[in-house]
Amino acid sequence: MTIEHGSPAATTKVEAGEAPAAPVELTGVSRWYGNVVAVNEVSFRLEPGVTGLLGPNGAGKSTLLHLIAGLLAPSAGSVTIAGRPAFGDPNVYREIGLVPEREAVYPFLTGREFVEANAKLQGLPDPGSAAKRAIATFELTEAQDRPLAGYSKGMRQRAKVAAAFVHDPRILLLDEPFNGMDPRQRIHTMAFLRKLAEEGRTILFSSHILEEVERVADRVLVVIAGRLAASGDFHAIRRLMTDRPHTFTVRSSNDRRLATQLLGDPFVTGVTLDDGLLVARAADYGAFSRAVAARAREADVTLYEVLPTDESLESVFSYLVRG
Amino acid sequence: MNAVIARITLRQLLSRRRTLLLLALSAVVVLVAILRRVSPAGADAKFTADLLSNLGIATLMPLVALIFGTGAIGAELEEGTAVYILAKPISRWVVVATKLVVAIGCSVTLTSIPILIAGLLAGGDARLAIAFAVASAIGSALYCAIFVALSLVTSRAFIWGLGYVLVWEGFLAGLFTGTRTLSVREHTLAFTQALANPAPDVFKADLDITTAIVVAGVVGVFAVVLALRRLSRIEIAGEVV
Amino acid sequence: MTRPDPAPVPQALAPEAAVARAVTAGAGGVIYDIGYRGYDGPRLGRRSAVWALFAFSFRAAFGLGRSGRAKVVPWGALAIISLPAVVQSAVIATAGPLGARAGGGFTYDNYLFRMNLLALVFLAAQAPELLVGDQRQRVLSLYFAHALERVDYALAKLAAMVASLFVVAIVPMLVLFLGQTFAASDPFGSFRDQLGSLPGIVGSAAVYVLIYAAVGMSITAFTPRRAYATAAIVAVFLVGSAVSPLLRRAGAGIGDWTILLNVNTVAEGVRHTLFGGEPNGAVATASLDGVAYVGMALAVVAVGVMAYLWRYQRIQP
């Protein structure tokens, strides 16, 4: 798959000696509707790369995305795009591409007309070819002259992404973009997002499918009940959860002897012998990793396999959600 | 004025079912005029005036404007497609102006032209027929401005607009003369009288022309400004909060 | 990545009487028996389903089981349509039977004709309430997956509308009836005298209600949005009543037949033909034979109901 376009033009002015403003920056942002607080004191900076916005339903992911997209005004705090406030200035949309969650598109427009209309509304000098490229990127060329009403859910999603991307935005915001896509389309789109990220664009997408986020995102933002519960690389987040012991699965030549040896170690909080598998729990990931080899040598046991078993985003996430 | 927005709005407003229904409605007005013309009673100025004011101004004009006015931007806001127009580097004034122009254009076409044709066919005073048509164009424009603003204020603009037309303009204005000042229908009738100056026994408006011009002007400007302000600060939330 | 096997099923759970907790375990998966069983017993049939839907829709027409806002229009309409009857009864109670004229001059013959606007409001607001919600939220497929046939669904809804409109039509008349009974010096005598007019009362209400419901429900079945359905119903009644006198004056030989475009006039005509009494509105001045009204009413009801049933036969759930 080739993407033919230039790298995004730098649109931020950099004063001498001043660091360029982050593509997206939220400072103390809250948003409430009457008594319901949808987003609660959220602060973060989005840098180039792919960031996954993760959270259970009703956590405020959509609200956050719409706040960044300038479609909602923060009740408190500020949302800036390259230093300028996101809400209230239509010009900010030159730099943003938004894929909204709602399925609705204009049913009477064909795929091509839809993408082209978006290109024209963006004021592109050559909307026709920009649309053609976007359509080709998402493999809609065959269906482009059929009305959107006849598209499957996955095709409509792709049309929405093509329309959001047609003007080559520096920032792409996607709300549940993989909804309805079949596995192949999902892989294709994920690869596309990664490629964009490598070109220096800033991409934020929300999802509650953990494998997707794990696969595509460099960093995650975990949002729970409107608050930012964690942010960064999820491996690093896992390290920070020191009050929850890490589990390791160990296969060795003599599990029982190794288990006894490990129990003597202060880092190890528990060991389970189960059907040919040794499961060890340790408070300190790094310390255990170093200790297990030493203990094996002392016990004259050969290590075949040492695996951290709850390193997945799922376990991180469920830990955060359960609070 | 943005051509893309105009085209999309036009295609959205003129869906097949809607257009056919409204054409049928306007055809009814013309039909009644024809029937009268070929009847033994023949052309009669009073009948024409009654036809154009009751069926044309009081029934056709508000219904057509209601459908096009609330649909111009209301439909997109309800469906969720408004984001494709609003998340673009286009000034909100251009959006409002474009949609207003399209809505007014459609309304005037399906209101003033049938009224003109019906008026000329039914006979009587041609000048009166033209006056009705021109006044109905102004009235349609005013209705559209009000309904577009209304659709940016509430999601139930259609039913409120319908309530305004039926209860305020239809029911109350018949009972309390004061309410007539704020009735687009009465403004339109006043314009008609001012343009054609018909004999009082043929047609007489209930509102004087000065009041009509002033109030209509104020309301029209207010509606457009309100629409612009609401659209500039409009907020679109995701589906799941 | 290897994962430890899941914990075995705790055998400590006290089994319910006679329910065995079977566990089927294979190489990599486990199936737990949580006591789910199919139902093989007797089922209430189609009749029951239709009745249940009718009862539910009847309640929905009055906003019962819904929020307060849903009750405003139906109960408001019922209250306002009964108001003249209450007022007149109060006047009669104080001023005697001759006070009826002062109280508003309502009789069983002219009540529905004069207050038809309220029935129209009820119909225009509640017909969409009954039909459009199911259409919009794709609930129809759920209904049709059960013992309910499409025609059952359609008729049950229509019957609910007829029944609820009937309540709206009959309550004010009953108020009048009771008012006159208790205001009279001889209640029992008055009651006996008025008893004769009961069939007429019920019949008149039935006539109005059937025609209105047929028109309203058939229009609503074809309209995808609530507000549009309301507007369409209102438009049909209003445009008909606006066009009708104009056409009548237009002459051209059609003459009085144009009054048949006004739904209310048609209903009044049928009422007058079948139950006598004072004719109201255009019926009094027109020179149409009673058969014309009955014929038009039958045509309208037949066409309306058939279109309505056809629509539900063909609709994609």
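Which chain is which? They are A, B and C, in the order written, and residues in each are numbered from 1.
Please note the rule applied: a residue touches a chain if its C-beta (ideal position, glycine included) is under 8 Å from a C-beta of that chain, and two chains touch if they have at least 3 such contacts.
Keep in mind that this is a model prediction, so the values were computed, not measured.
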Furthest chain, CA centroid comparison against chain B: A
Top chain pair, ranked by number of contacting C-beta pairs: A-B
Mean-CA-position distance for chain B and chain A (Å): 49
Distance between chain centroids, defined by C-alpha means - chain B, chain C (Å): 33
Where chain A and chain C are represented by their mean Cα positions, the distance between them in whole Å: 52
Residue numbers of chain A (touch at least two other chains): none
Chain A - residues contacting chain B, complex: 33, 36, 38, 57-58, 60-63, 65-66, 69-73, 88, 90-94, 96, 98, 100-106, 108-109, 117-118, 120-123, 163, 175
Of chain C, residues touching chain B in the complex: 227-228, 230-231, 234-235, 238-239, 242-243, 246-247, 249-254
Chain A partner contacts - residues on chain B that touch it in the complex: 2-5, 8, 11-12, 15, 79-81, 83-92, 232-233, 235-241
Chain C contact footprint on chain B (complex, rising order): 25, 28, 32, 35-36, 38-41, 47, 50-51, 54-55, 58-59, 63, 66, 156, 158-159, 162, 166
